[in-house]
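Each of the next two complexes has chain A plus one other chain: chain B in the first, chain C in the second.
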Partner chain A sequence: MSSVGRPGIGWWLLILPAFALLLVFYIAPIVQVLTISVTEPSLGFGNYQRILTSSAVQRVIMTTLRICLITTVLALLLGYAIAYAITLASPRARGWWVLAVLVPLWISVLVRAFAWVTLLRRQGLINNTLIEAGVITDPLPLVWNEFGIVVGMVHYMVPFAVLPMLSSMREIDPRLLAAARGLGASRGEVFRHVFLPLSLPGVIAAAVLVFIFTLGFYITPAILGGGKTLMVAEWISLQILDLIRWGLGTMMATVLVLAILVTLAVFSRVVDLRRIFGAGA
Partner chain B sequence: MSAATGHALGLRGLTRRYGSFVAVDDVSLEVGQGEFLTLLGPSGSGKTTILMAVAGFVAPSEGAVLLDGQDITPLPPEKRNFGMVFQGYALFPHMTVAENVAFPLRVRGMSRAERDEKVRGALDLVQLAAFAGRLPKQLSGGQQQRVALARALVFDPNLLLLDEPLSALDKKLRAELQEELKALHRRIGRTFINVTHDQEEALSLSDRIAILNHGKLVQAGAPGALYDRPRTRFVADFLGKSNFLEGVVRQPHPGGFMLEAGAAQLVVALPDGEPPPAAGARSLLSLRPEKITVLAEGEAAENIVEGRIVSWAYLGAGFSLRIETAGLGEIRANLPTWRSAFAPAEGLPVRLGWRAEAAVPVAEDVA
Partner chain C sequence: MQSFQQDCVELAFRRFRRGEVDRRTLLAGLAALGVGSFVGGEAQAQAARKLVMVNWGGLANQGFGNFYGAPFVAANPGWTVEQDSTGPSAGRIRSMVESGRVTWDMCDSSASSSFLLGRQNLLTKIDYSIVKKEDTLPVGFALEYGAAPYSFSSVLCYDSAKFPNGGPTSWKDFYDLQKFPGTRLMRRDALATLDAAQMALGKDPAHLYPLDIDATVRKAASLRRNAVFWNSGSESEQFLRTGEAVMGMVWHTRATVLERETNGRIKFLWPQGLLQAGIMVIPRGNPGGEGAQRLLASMLHNPEPQVGLLQLLGNGPTNPRAAAMVPEELRRKNPTDPENERVQVVMDGEWWGANYQQANADYIDAITG
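Moving on to the complex of A and B:
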């Protein structure tokens, strides 16, 4: 076999170190950990049966899905408004807007979560202000529940929602919007019939990104949920670190990984990217 | 799209400033009902800004836009009912051809049945009925251009505005679409306002051309009038090619004057009613290359200049000659090839001749 006939061998040698690194330090440990879910405490799919039988397991999954969906929808709505405003802004203002969107990303997630606690807790800024203003007499339950988690997670996710939508909006030819107005469409109609449909690829990309990201949230729900509302990641940590139930914890981790892969697979199946981006057949 | 009458447009002292830059400088212009007017100028001459002000996308700093005598300056674009073909067509990429054409009807709240019929009519008009279900990406440039036209005409607009409608097409297709556009204009009898930097397009399409430079209206008129009697050096140079002959005015009289240019004495005839310049004044003449002939032995002409051919090119329909003359410097002349008696050669001595009315006095441009 001549080397000319196998042009791939040099290529394989070149990526071999990277592949080996990935295999040894990333894929192997993950597979090893995930295997625990079918070996502990006994060999078999006993841990996975718990999804069907244990109401605690079901509750965690449903809570996580609910919070993630609500967070995704809110982050998309807020993000869309921000991205739209940035798109319409003057080039100078646009730079400042983008900076304002990016700055929170550079602040530690811990700092941001505790900042929300100080704002939302019983004697926090919001409750105190509302009580002093006489709007309410008893403090509102704003934190250490699902509401607090959603607030913190939406805050964290908005930049991730803005950026893909912004890049998709920036690709829309401004002449199309002018053309629509010249043809008699009001500003609202231009938005509904032209801008919104053309920005949908960005919305879908942002939705997938945000949803997958939120599924694995750990620190924000742990701090703002106060241990009362459990999401999947915190529940896994609880099983493994506190209850030493490795089998159950890794089972849920496997479910989480599969959920993310399924989301991506469904996304790439259901949505024909080429069509969305307006590519011709 | 029945035989509706076109509308008249007026610009009164239209001015648009961007900071200290004056994009459009005090332009006044009347466009008659059903007229095909072309705004012609180099890039940066303000022609597109004027079109955008007419469409309502640019608010004038001063002046007014009038439709049939009524001031429409404050109206937003969607209230003006003007059809517009944008540069690059601006077809909606997520809509089919039929949906694109139906868009202006949809936002006007027209019923589906009525809409379908109008769309069919408009697509028939541009011969694209078979492509109704395609996306713009699946069409050629010329087809996209025609969709843009159908979309701009389907709602019976008061005016049709065209922003460099043919600039993205190759030369052959452009010539074809020029003819179609002209035929369309004749057929539907609407007022068209076209913007272009292509002088051939302007000459072949327009009833009237307005030439712009540095935001100012330099000259407006029928293509033939502009070409034959340019008023400034810029117009003579921008619209077609021209030789420029400079000299001093001698013996002015009603109907013409003599120009002393270098060693030559040139006879210049003026149209009726045009006063001759004063004696002793400097004057600049524009002389079109195709108005010069190479004289045969013993042939006479009102103006005769001798020279030698410096270089020449065969262009199929004609010869293009560069001739170094005794007193007038270098002159370009275009000769039709059917004058087969003449065979150009480098260094060949020639006698050039032209009629007294061929050379036109033009003003030097004010910078």
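Moving on to the complex of A and C:
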């Protein structure tokens, strides 16, 4: 940034049309809608009070946070292993690895959710195989519960976890690892004391990205949850479209937006945000 | 949440693809459902005044026919009837009326939404000097803020193969996990679900309302660990077809399909089914004004297209003269056939209009807890 210097007035004029468009057609309507949360059913913060008083609102928030945290942790663990393997692979193999990570990313979220249903349901591939092999007698409850939701969401999020971590790991100078080995460190020690600390910025970036993404999940929990688990996105749509409790729905939407902004603000102090959104690396 | 109407359109297209109905029947049926455009030649030339009907079908502009539109357009020269498939959920109707730019004349809604929206001054009252009450069966098909050109029912449907010693015969059996073990299937919506729970609690179906919200929600939630919940009609059919659930409350249109396609392995019961009105509403300040009332009157007045709709999709007619016109083999599938209607319970739209928000919020909290 320092080499670019201070942007002049011309630079600002260049982004002005896009900014004006965004302000008028995107930000203003959103603010207008979110304002309903303090004007309906009566003026004031009654809707926000419900976060403290309504067990239903609390439960939706807690369920969402729980599922999102579990998903984030699992996606990071799986993603880290994959990113590590890709980093250490030969350049030729690396291309194929990256492709394998990206291909599922391009498949519709709907298709993936239904594919999981086919695999996980009572008479699905997994249960049938286990029963025929004599491992179990009754089908395992693999779907229509939080387990099914987490499976579907982790599957969706792993590529988003891999990419920031991969870019971070590839910045690590391999000579550092060789030097550590040369100085007598074991493979485990090299990983723990050299590789892991150097890859941490990528891990945090991936965690922020995955967590924010999962907060707004709608389709996957709707299909794999069997109707028994409600996360905020679906809850908001229910309030707005079916129950016509707009005050409550927009309150939750505001909370969701704030939660995302706060998460970003906190982590922008720890990690270079540009890395998360593809720049920087 | 998928509405009944959306589900009907989906079913119709499936039957068409399988060759079970021909194109003509499909289009006629879609038109009767309100999916399809009636911008006819001579009418368009005059295009002075048009009415916009809003439905739930995704393929609205492909549907074409004249079950509802043509009789009206023929009787009212100068009018056209156009279709819009946005899906008029209560929330969308509200946002349109409140924005002050109403472009819809008639919306395919529900009894409870008609009361809910009517109370918030978002709908036009039905003018019963134009719409004829005697064109509907006297079971809650003509309401203050809406009237029903079709009906449907929520019935108990079960897999008879899972119960060799005889299946369930009532909602009480539905809640009896000892006698009838296995996963239950319920709609993730309080409508009809709580009515059935109230029957299971032992209240006389003839005097079912008012429902006890707390008790019925608790009753419904008692099945939670042994239940799955559906949002769309196709989902409900899949759950039963694939054996994920052994019995469930589903729309009669899905139940008849399951019964036919499994050669009777999956059965359904009319007794204690919940008969509901497919209510059309008119948003306040609709551009077509009184024309919408006249269109509604024409939809209710003509029994033949209502029977055509039953033939294609299974929606029950609401005109009292329609049941006699239904072919013998279809009577089993008609929710308003006198034989079937007699044993069902008519859902109290007014009670639901006053209590839907609270009851549904409580219900969803309880089952997603």
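The working rule: the second predicted complex is superposed on the first by the 255 of 281 C-alpha atoms of A that agree within 3 Å, B and C clash if a C-alpha of one lies under 4 Å from a C-alpha of the other, contacts with A are read in each partner's own complex, and residues count from 1 in each chain.
Just so it is clear, a contact is a pair of C-beta atoms (placed from the backbone, for glycine too) under 8 Å apart; a residue touches a chain by one contact, two chains touch by 3 or more.
Not measured: the values here are computed from a predicted model.
Colleague: Let's test your reading of the overlay: on chain A, do chain B and chain C clash or fit side by side?
Modeller: They fit side by side.
Colleague: With both complexes overlaid on chain A, does A:Asp173 touch chain B (first), chain C (second), both or neither?
Modeller: Touch partner of A:Asp173: chain B, not chain C.
Colleague: Between chain B (first) and chain C (second), which does A:Val194 come into contact with in this model arrangement: first, second, both, or neither?
Modeller: Touch status of A:Val194: first partner only.
Colleague: For A:Ser90, decide between first (touching chain B), second (touching chain C), both and neither.
Modeller: neither
Colleague: Once the shared chain is lined up, is A:Gly227 touching chain B (first), chain C (second), both, or neither of them?
Modeller: A:Gly227 contacts chain C only, not chain B.
Colleague: Which partner does A:Thr137 reach: the first (chain B), the second (chain C), both, or neither?
Modeller: Once the two structures are laid over each other on A, A:Thr137 reaches no partner at all.
Colleague: For A:Ser186, decide between first (touching chain B), second (touching chain C), both and neither.
Modeller: In the superposition, A:Ser186 contacts chain B only.
Colleague: How far apart, in whole Å, are the nearest Cα atoms of chain B and chain C in the superposition?
Modeller: 47
Colleague: Please write out, lowest number first, the residues of chain A touched by both chain B and chain C across the two complexes.
Modeller: The overlap between the chain B and chain C interfaces on chain A is empty, containing no residue.
Colleague: Report the residues of chain A in contact with chain B in the complex, numbered from low to high.
Modeller: So the residues of chain A touching chain B come out as 173, 175-176, 178-186, 189, 193-194, 197-198, 278-281.
Colleague: Could you please specify the touching residues of chain B with respect to chain A in the complex?
Modeller: 55-57, 76-78, 81-84, 86-88, 90, 92-94, 103-104, 106-108, 135, 137-138, 151-152, 155, 161
Colleague: Taking the touch rule as given, give the residues of chain A at its contact with chain C in the complex, in rising order.
Modeller: Where chain A meets chain C, its residues are 55-56, 59-60, 63, 121-123, 144, 222, 226-230, 238, 240-246.
Colleague: List the residues on chain C that touch chain A in their complex, please.
Modeller: 1, 89-92, 94, 116-117, 120, 188-189, 224, 227-231, 242-244, 356-357, 360-361, 364-365, 367-369
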